[in-house]
Structures are given as structure tokens and as C-alpha cells.
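Look for chain A in each of the two complexes below; its partner is chain B in the first and chain C in the second.
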Partner chain A sequence: MISHLRSLWLVFKHMFHKRETVQYPEEKPYLPPRWRGRIVLTRDPDGMERCVACYLCAAACPVDCISLQATEDENGRRYPEFFRINFSRCIFCGYCEDACPTYAIQLIPDFEMAEYDRQNLVYEKEHLLISGQGKYHGYNFYRVAGVDAGVKPKGGGEKESEPVDVRKLLP
Partner chain B sequence: MATIYIDNVPYEVKDGENLLQACLSVGKNLTYFCWHPALHSVGACRQCAVIRYRDENDTRGRIVMACMEPVADQARISIDAPEAKKFRAQNIESLMINHPHDCPVCDEGGECHLQDMTVMSGHNYRRYRFKKRTHLNQYLGPFLHHEMNRCIQCYRCVRFYNDYAEGKDFGVFAAHDDVYFGRYEPGVLENEFSGNLVEVCPTGVFTDKTLRKRYTRKWDLTNAPSICHQCGLGCNIIASERYGSLRRILNRYNGDVNGYFICDRGRFGYEYVNSQRRIQHALKQEPAGQWQGLKKDTAIREIRNRIRAAKRVIGIGSPRASLESNFLLRELAGAEHFYAGVSEKESRLIKEVLHILRHSGVRTPSLKETETYDAIFVIGEDVTNTAPRLALSLRQAAKNQPKEKAKALKIADWNDAAIREVIQGQKGPLFIAAPYATRLDDAALATHQAHPDEIARLAFAVAHHVDAAAADAELPEKAKAFARQVADALVAAKKPLIVAGTSLYSPSLIHAAANVAMALKKAGKEAGLTYTVPEVNSMGLMMMTDQYLEQAFEQVYSGQADMVIVVENDLYRRLPADQVDEFFRKAGTVVVLDSIAHRTGEHAHFVLPAGTFAESSGTVVNNEGRAQRFFQVYQPRNDIQSTWKWLQAFVEKEQLAAANLDDVIQQLTMAYPELEGVREAAPGAQFRVGTQKIPREPHRYSGRTAMLAHINVSEPKPPEDPDSPLSFTMEGYVGTPPAPLTPFFWSPGWNSVQAVNRYQQEVGGMLRGGNPGRRLIEANGSSLQYFTDIPAAFHPDNFHWNIVPAYHIFGSDELSALSEPLQERIPALYLALSPADAQALQLQPGQQAELNVSGQTLRLPVVIRPDLPGGYVLVPKGWEATAGWLFPVQSSLKPMQV
Partner chain C sequence: MSETWIHIIMVVLILLVLLTIAAGLIYVERRMLAVWQDRYGPNRTGPFGLLQVLADMVKIFFKEDWIPPFADKKVFVIAPTIVMMAVLMSFAVIPFTPGIGVVDLNIGVLFFLAMSSMGAYSVVLAGWASNNKYSLLGGIRGSAQMISYEVFMGLSLMGVVILAGSFNLRDIVEAQRKIWFFIPQIVGFVIFFLAGLAETHRLPFDIPEAESELIAGYHSEYSGMKFGMFFVGEYLGITLISALVTTLYFGGWLGPHFLPPIVWFLIKMFAFILLFILIRATLPRPRYDQLMSLGWKVLLPLALLNLLVTGAVVLYWHL
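Then we have the complex of A and B:
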């Protein structure tokens, strides 16, 4: 009997506590910038695709939900011919972002991806690619790489000397 | 055997090796760059440093390069001593100073020896703050991509290209850290083995251009152990697929056959598998000229009805189809109505080769054994273009005699730089008699160019010099001197090797070669005899039937047969077009099974899509009589399947209709006891490691749940393989599978092709569990007499010019010639003649000459070749216009009338 009355009292008391329930979706929760949500592909400061199709994200993915095919443009710049993420399999672990050597693939604070049809959770490159640089600014892989992919000539990088003239006789 | 102590643990190792080899053979991880099991040691990179102690009381020891230090009994070394580790880490740090930040866009990434070694040595952070040296790249042709920034100056490329393959157009330029590896000026790398630089280079300086345009990492490829189908040698390859297209071919080490290297035709000639000309679905042509697609079941039903209604069905097999496919066709048509799909001339030649291999008592060496012979006589064969990989082996064999000098000086065989210093470019006894100067001539001591008949006469004369009991032929003065020189050199050698082949379509040439080999054997030499054959399964096919194409035609002409099934064969490449046209006019119902659309297919009523080597499994027999299994790489998403699987649908015998590959082989060996060894060519489909199949995909294969998600988000069941113990997935046994079932080489810490070290019993030796393939023919008991069919001396005839076939590595082979990357390297059809003949005929280079071969007029641009002795002309073999010619052909020859 006493325990019943005590329970009633406790429930009654809670009516005056501050409410923890958030009125989602009218009221959006705060998500920190490093929150691991929907995956995007970003662009470098020059507005070109950052992804160089190195396949490291696909290799790191524990559920193997990333699939892509590398190809090259006329300058020899590598980019993905297609880039597909099957979000119905994705576990938002962020390993792909960790593995990415060019900051191309990034997880952003957006989780509102629910679909009635599972097929709609298959995202292609055009759904993934955004027009900005995402969380990491100022990095362009081809400026620091050794290859000439139309971004800088051989030896044009910050820490590169001019190409060697193999026919010079100087020591 | 010797006992060495590595970090105080005793190991049994082979005497005469170097310490690096010994360490790797016992499974130790030791870093290296410049050493290569086939190129041996030069001690250039300083990466395999170990500490060597004087005795067990020595605690300090001294740092030595393992690759330059011979194995000695009771030697004590340490790999793990802190000084040695530090030395290796510092060394790699300096090698990496200029290495660019390229891995994500580098094709070597993930299978890079430099990556593996860097991780192994523990170097992980670039401390050097100054600028990186850069280089400009060169265009090196359609096969190789050059990215010189990545070079770590190990010199392997020049050592392979210049020293091993003896290429002339590659080299090293500049000095100190500016050293540059490339050509004098950008251009196509000419050597036929340039593709091996992809595997020889420890990093990404040379990468496969054919893979580059749709690049895939090693871990994402579905691989299968396969056999190269582009010539008769049967080199072992790894074929790899991704997203339904074949992506690349790598060498698959086989200690008996190709070892570490394959030719460029084999490596880059695979693209026909992805060609637009592939037949994808069953087709029906009725009425003539109207094609319609058929469903698989409908096609089978309709063809089955035709077979039932037919009076007699004949089957035309093919030397490029597997034993199993040919066998099922034979079962379908009946043994007496199964015909080898080659001309009478070719079939008789190969029969003759088989006869000699079986009964001459002279050993036919494997490709690898070829490298142990010390004197070679090549008779009539342009080896580099007819059986390319053999040329590379012959080049190594030619160095054996000069190497004796180094042996006398007690220089170990792995001490490459020292041996070269002793040899000083001296040539060994390699002699070549061919109708024209061949690409191997630069390695030869002496060469001789003459008409095939004259070459046969020359070879008969050589045999006579060796053993007077052999028939002799009268020779012109120059040839006489050459014959004597060759005979003397062969007799002086310990292991002389005779190389001949079917390429000139001369039976007397084959007999002459046998005569020389038998005479040498009689003289007590350990002689060898190698014949090259035109196609991948030429030998296997001729072991199954005596009947040839002309007999099949006869069956149709006489009205006895009213249905023809042609398997993987373009008859227009076998006989002159007018004969084949006539045949098809009378042939009744024609069913063609092939992978590629060709002229024969145009005459078919039904065309069924057959698999190439990539989509089918089977067994082929190479020129030495070695049966080797190749496995399907991937399951295509259309009706393409192995030819023998298609034929199963029409066979009435129950044991065959629902059989898997093993059952077919079982039936095959029952029909042909000589082919018994085919069963042992690879483990059967029931084979398991424990309970596991062997995965075709590496365990890090990616994208499984996304690669087909655009079609349907629900993943399909992976395809099953009832014909082999290999699975089409990444699940299964991770470890070293039996050698014939090795789909790729990988071992923890060894992601590059150098992981093959871990699959060998000892480095550079046999694969664990024995090398794949079974020899079906062994030389035993000589029951052959000397041949006496010496051809008459050749006399030029200015009205009937003799046309001799010229071979080209790129172009002469039917299927590889369809590959896109090869197009740039395939020469346009030409007519070559000697300067004197050109002058007599008033032909200028580039001018069109008119030929008339079996009623067909052909205009070809003239090329003048000073190496030709005159009296005959050359025309490339295998081009569409010349493929059906029955060489040697004769023709009138005149400048084109304007």
C-alpha cells in the first residue's frame, strides 16, 4: 500500500520537472560538426572533384557498401567514373573518411535519410557530390602529389625542384 | 645442405645460395630491392643488410649485404639485431627522400614492393625537409605507363630489359640522384618482353597501361589461375576481372614453364575478351541475312531438333579449344565424324612432331629446362614471333657457355655483376638458320638466311656432320661452312638443343631437326629437341584425331553429311576462301560456337556464344606435351559459357549430359589412355582445404554490397562453380593453395607479386606441392630411323614466286590481334623482298606490288629487306587476307598496273 502511494507521488512530482522530449522534427537537435551521418563527396578549392578513385574507402568499409570505378580525364587526372554507396548497408562508422587520403569523402551531421523504398538508399555520385569543400578547407591532393594531372606541372609543387635535365653534365 | 644460424636459430639451407635467398626460403622477412630471383644479385640497393658474426663468441659482428654473401655452413647471422634493423630503416628512409606523394593515384599502390618493404623496415615518417627531385615522363608505347618520379634507383629495369631480355632501346641516363631510366627519346619500347617491367619494377615507375584506363586495385580483382592462349607454349598466367570485364594478365610463376616472365602478346593481348565483336547471345540466321536473337533454351531446343532430323552431323574441332570442348564435339558427332579444324598440311606436321616426340628418344625440355642447354641450333623458326617466351629462354641458354669462365673463377651463379664482368658480352653458341633475320639474331654466334628448303638441306647436312650415318645434302659454299661450324659447336657442347617448328609448314624441316637431335644423342650428348606449334592446343587436338579439315569438306561434298558443327574455329583462317565458301554452300545446317564474330559465323544458321579462356575452364596441351588446366575467371551476365557446356546440351550419352568438368575428363581419359595425365593437371572439383573452397577473390575484396545495388538493392546469390574447387567469392581458405589452384600471390606483409617467394619450396625453385601441369609424352627408347626426305635444292622461279610466311608477335595470332592496345604495334600487311629482286622487278619501297594467290589478287606495299638472300618473298602470316593461305604458296609478282 505504501509503495503504491509512493509511486503515485513520484509520478505526480514528475509533472513539474523540465521536459527532456524534443519536438522532432519541428525542433532539430544540435549535432556537432564531426557527427557521423550521411556521406558526401567534396570538391577541392578549385572546384574540382577531390576524389581520386584510390579505392581506399571501399577497402576500409566493413560492410563493403562502397563501390566505384576509377577513370582518367585527358590530363591524366584520376576520378571516379561512378561512385556508389548503398546506404541501406552503411553503418556510419566513418572508416571511409579516415581512410580517404584526399579529404574527398566526409561524413556530415545529417541523418534524415529514411525512405519507404530501400532502392532509394542507393546513392550514386551525383547524389553524393556537393559543391563545397566540406569540413576540411584548402587541400588539393594534386598540388602535393608527384603526378602531373593538369593541376601543376612536374616540379611545380611547393616542395619540388625543377625536373632534372638528364643530358646535363654537371656533377 | 648447410646449417646456418639466423638469430641463433639453426636452419637447413641449400649450399651455393646467397644469404638473402636462404633467409627468404626459410620464410624470414628481409627487405630487398635490387635482388630478383631471376636477375640475381648486384648489391646495389643496400637494403638486405644483416649482421654476420665470426662465431658464436662474436657479439659485435659486422654488417653485410645478405644478397652478396654466400651461404656457408655454420654461418651465424642476425636479421633482428638492432643495428641491422636501424641500418635498413635508415637506408629506406634515404631511398624514399624523393619518392612522391602518389600512392592514392599510383597503379602499384596495394601491390607495391616498395610499400611492403617500407612497412617491413619500420620507416613511416618523412623527416627530410628539402625539395624532392622530379623527372619528366616518357611515352613508352601502348603497353607501359612511365612515372619516373617514383623511381628508387634499384636498377632492376635495366638489368631485366638490357641484360636479361637484351633489349637495345632502354637505358640509364644522368648521374647521382638524377639517375633516369628510360629511352634515349620518347617512343615505343621495342622489346617483346617489356611488359615484365610492370612486375620487375618494385614500385610504380612502369605500370600496365591497359589496366590504367579502368584501373582496379589488386584486392578488388577476381582472379583465376589460367593458361595463356596466345601461342603454343602455354605460359601460366593470372587473369583478373572486375565488373564483368577482364582487367589484366599477370605472370603466374611456374618453375617448369614460364618462371617469372611472359611476353607482351600474352600480357597485353587479352583485350579481345572485352571486345565489341564478342558474341553475347545465341543467334539464328534464317532466312539468310536475317539475324534474330534466341533465348538459350530455345536455341538448344531448335538445334537439338535439327540434329535429330539430320542425316549425318560432322564436328569440326579447333586447336584453340580445350581438350574437353573437342572431346564433347567428338562425342556428339561420333569419333569417325570428328575432324581437327586444321588443314591437312598443318595436321600432318603436328602429327609428325608428335610422332618424333614419342619415338625419337630425345627429350623435349620444358621452357625452364631450355635455359640449361649450352648450345642451340634454331632451324627455320622465328622464335621471338612464333613462340615468344621461348626466345627469352634461349637468350639465357646462350649465356651458359660464356658463364663457364666465371664458374672456373669460382664466381657463384647468383653474382650477376661479377659474371657479366667476366663474360664481357661474349656470345654463346646459338645458331639460327631462318628465311629472314630474326629478332633473336643479335644473341646468335652465327646466322644463315635461306629458303626453307635450303634450311632443311642445311640441317640434314649438320646431322650428317654429327653422325655420318645420317643422310647428307649437297650445299652451296657459304651454307657448307655454316653447317660445319654448327655441327662442331653442337658436338663440342654438353647439352645441345635443337629448336624447330611448324611455322614454315615444311615437314622435311621437322625431320631434319629430328635427325640432328638423334645424331647428337647417338654421339652421347644430352640432346634436347623443342618444336614450336602454332596454337595453344594444337598438340592436344592432334592427340585426339587423325582427321583433318579437307576430309570434313569431302563428307559434305559427297552429300553424306548435312549438318556441321564448328567449334571455336574460323575456317577462313585454315583454308583458302574459295574452298571454304564452296563448303558452306553445300554444308546444310551450320552451327558455329565461338567467342568472336568472324567470317565463318556469317555462314552459320545458329551461332552460340562460347567462352574465351576467361569464361571457361578446361585443359590444353602445350608444345612439350604438358597438359595444363585453366579456370574460369568470372561468371558472365549473359549466355556465354564454356563450349563444352553448350555441347553437353546436345550429347545423348547420359554420363556426359549432366557432367561437371571432372566427369568429362574422366570420360576423356577413358577414350584416350594417353591423356590420362590430364586428370592430374589440377585437383578435381571435390578438392577442399579442410572443408573450404579456394576463393578467387582476396579477403579484402570490396564493394560486394554496392556493386550491383544500382540494379537491385537486394544482393543476388553469388554464382557457384561446380567444375573446380575455386569459389567466385572472397570466402574460403586463406593460405597457400595447391599450385595449380593459386588464383593470386599474397602473403601477410607481401602484397606485391614478390609474395610468390612464399609459394615456393625455395626461392626461385619449385612451387609448393610441385609445379602445375603434367607431361603426357616422355622420350623413351629410340625406335626412329634417320629421315631421308631431303628436299630438292631451291631454285628461284621468276614466274612462280615462292611466298614464305613472316611472323609478327603482334598480328600473327588470331585473337590477340583483335585487342585494342595491340593495334598500334601490328604492322600493315606488306610484301618483303631482297634488294636484288626488287631491282629486277623494278619495285620501289612503298610501291604496290600485285600478287596472285590461288586465283585471288592482292596488292601489297613493297618493303625491301637486305637480310633476304633473294629468290623468294615474305608476306606476314595471320592477317585476314593471308590467314587462309596454305604456305608455302606461289604467286606471280609484278608492280601494280596504274
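Then we have the complex of A and C:
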């Protein structure tokens, strides 16, 4: 009985507490920088696409919402011919971001992507690609990779030694 | 204007005000529950969300009024009206002020008890007519609960009747000029309030509905305005019990003179309505057997003891 009265009093006191509700459209909630929201494709510092179309994101995706097709330009640089994410399937798990070897695919703190038509939730590459570098600055895969894709010659990368002449006997 | 017309206008006005209060309680309850749970509650429709009532009513009127093919149609339709009728009939004996009130009945308390027993039919018939296991379980629980709480609801009132020496609610209010009855009758007040909670099957005694076990119990097959009738009936029940507690234990319209009697009555009544909602916000639902044993093993003996002591005191000191 006493405990019931006490809980009545405690609940009554909640009248004067601070409200927990976030009045959403007027008042935006705080989203941490690593919040997993809308997926974007980022560019490297030179303004080129980071994505090398390795399919790792599509393989990692537990709901198979990513589809892409790899292709190469005249310099041998790989990039996706198309890149499509079906956000009506996406569960925002972030596995694609984990899997990505080039920081190309990233999840950003944005969730306001409601649509009236389900088809509009299928984002193509032009919708996904942003003009910045996203969360990871200064990284350029083709500058540190061992291949020549028109960005730097073989052996010309940062911290990269000259290629070994396999026909020479000297060490 | 003749006496009859004044009476008719009074009845219609009281009916309108009561239905407005009952509908308004939809908003009040949602808002107050939210306030006690650190939320805001409905605040989008109109100023302070007051038009939420309108939105809810429009919604419930536009819902499909569906009668399941397996239901007992006639009983199914009648059941929700009974609860409304029974509660509204009870309001006939409530004296809001010396001047406002439908009828000055010399057996007012008994009339209220009779009408609140009628309310049990609504639950039982609804549960039966729905032809659904959960509804039937809800109906059976409801009948058992309401009948057993009826017993000491009446007994707890007898203390007041002994003190006032009358079954007439107006005389009972007048008898409280010296002291409000909740002081000498504190036990009776608590028992009556608990029985009132059970009688209107409000949380925590909402065992006939018990959403988590019986998926709304006796009204799980109801939709549209029929469901709305149960809802409004429940809110009217809250208003009725609050009005009765005010009348019987808290001096009805009596109060200091700077406010008119009707305002005093409404203030007291709304305080108890808010207490109903606060109790809903606080207490969890007891098990069915706990409810029954509380009723028969604790509250009934207490009510009898209260009656005995009150009677003895009144006889001994010739109050």
C-alpha cells in the first residue's frame, strides 16, 4: 500500500521533469558523425571516383541491395559502369563501408529520405556520388596502389620503391 | 415557460456537457499520461492539440462498422449501448448543484448501485456475442470482477448513508456542511474508490480487457462507433465514479463562497478524474486471482468492519 502511494507520488513528480521528446521536424536530433545513414560514394582528393568496382560491398551486403558493374577506362583504371543501391532494402548495417578497400562507399548521418513511391528509393550512381571525400580525407587509392592507371607511373607512388628488374641478377 | 420544458432543457444540457466531458477525456487522458511519462502527448492538432478530440472522433466515425459473420448479431449490436445507457442513467441522480440535477430521488444511492450492476451486462453480452475465445474470457472475467466488487462497493457506501441518515444524494451533500465524509469515512472512501476502479474496469483493474493477455478482451471484435461506445462508456464511467466520490465523500458542491457551487463540483470531479489517470500511469495490472483475493479477503471484511464501527459509533453517541 505504502509503496503504491509512493510510486503514485513519484509518477506525479514526473510532471515537472524535462521532456524526453524531440519535436522532430522543428527540432532536429543530434546525430553522431559515425551515425549510419544514407550511403554515398566519395571521390579522392583529385576529384576522381574512389570506387574501383571490386564488388566487395555487394558481396558483404546481407540484403543484396547493392548492384554494380565494373569497367575500365583507357588507362586501365577500374570504375563502376553503374552503381545502384536499393534503399528500400538497405538495412544500414554498414558492412559495405567495412568491406570497402578504398573508402569509396560511406554511410553519413542523414536519414531523411522518405518517398511516396518505392521506386524512388532506388539510387543510381549519379544520386550516390558526392563531390567530396566524405569522412576520410587525403586518401587516394591509385597513388598508393602498385598499378599504373594514369594517376602515377609504376614505382612513382608515395613510399613506393622502383619496380624490380626481374632480369637483373644484382640484389 | 412551464416546469416541464425547464426540466427537458436541463436534461439535454447535462447530457451534452457529460458527453463533451467524456469525449474531452480522450484528449485529457492521452495528454496527462504523456505528461507523467516525460512526453508531450498530442500537441499537433490545433492549440495545445485540443482538436485531437475532433480528429479522433472523425477517425472513429469513418472506420468500417464491421460485424463479424460468426457473431450473434442482435446481442452484438445491443451490448455497447447498454454500458452507455447504464452510466448515463446513473448520472440522473447526481446533484451537480442545489439547482442543477435531473431528478431528486430519495433512493439515489440504491439507484446508482442498480445501474452500475447493469453495466456488467454490457461486458458479458459483448464477450458472449463476439463468439471469440478471448472475448469470452474477457466477458467472464469482467462479470466475476464487477459482481464481486459490486458487493462491497454498496457496503462501503452504507457508512455514508448511516452518517447522513438518507439515501438521497442531495441530503448526503447537505449533511456534509460540518465535515466532509472522507474524514470520518476514510476507509469507506478508499474501498469505494478501489471498487469504482474495478467497476469501470480501468487500469490497473482492466482485467476484462487486459491487452497483453486477452488482446482487448470483450471488445476485441468491435470496430468503428461500436468500439467508440465502449470507449466513451468507459470515460463516462470514470466521470461518474469521480462525481460520486465528490458527492459522497468530498462535499459535492460545498466550498468557500468565492466560487459558484458548480465550479467547486467540477474542480473536485476533475481532481478525481486526474487521480484515475495517475493511477493508470503508475500501477501495473494485478493477476486475476490477486484481484479476486484482494476483493474478497481484504476489501469485503474491511467494508463490513467499517460499517460495523460506523454503526456502533453513531448508535453510541447518537450522532
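Definition applied: the second predicted complex is superposed on the first by the 149 of 171 C-alpha atoms of A that agree within 3 Å, B and C clash if a C-alpha of one lies under 4 Å from a C-alpha of the other, contacts with A are read in each partner's own complex, and residues count from 1 in each chain.
We take it that contacts are C-beta pairs under 8 Å (C-beta built on N, C-alpha and C of every residue); 3 or more make two chains touch, one makes a residue touch a chain.
Remember, predicted model here, so these are calculated numbers, not experimental data.
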TODO: Considering only the touch criterion stated at the top, classify A:21 as touching first (chain B), second (chain C), both, or neither.
DONE: second
Task: First (chain B), second (chain C), both or neither touched by A:56 - done: first
- [ ] In the overlay, answer first, second, both or neither for which of chain B and chain C A:93 touches.
- [x] neither
Open item on the list: Of the two partners chain B and chain C, which one touches more residues belonging to chain A?
Closed with: B
Task: Which of chain B and chain C A:48 touches, first, second, both or neither - done: neither
Open item on the list: Touch test for A:159: chain B only (first), chain C only (second), both, or neither?
Closed with: first
Task: chain B-facing residues of chain A, complex - done: 52-56, 58-59, 61, 63-72, 78, 81, 84-86, 88-89, 101-102, 118-119, 121-122, 124, 141, 144-149, 154-155, 157, 159-164, 166-168, 171
- [ ] State the interface residues of chain C toward chain A in the complex, per the touch definition above.
- [x] 35-40, 278-279, 281-283
Task: Residue numbers on chain A that touch chain C, as the complex places them - done: 4, 7-8, 10-12, 14-15, 17-21, 23
Task: Complex contacts: residues of chain B adjacent to chain A - done: 100-105, 109-110, 130-137, 147, 149-150, 173-176, 178, 180, 212-217, 219-220, 243, 700-707, 709-710, 712-714
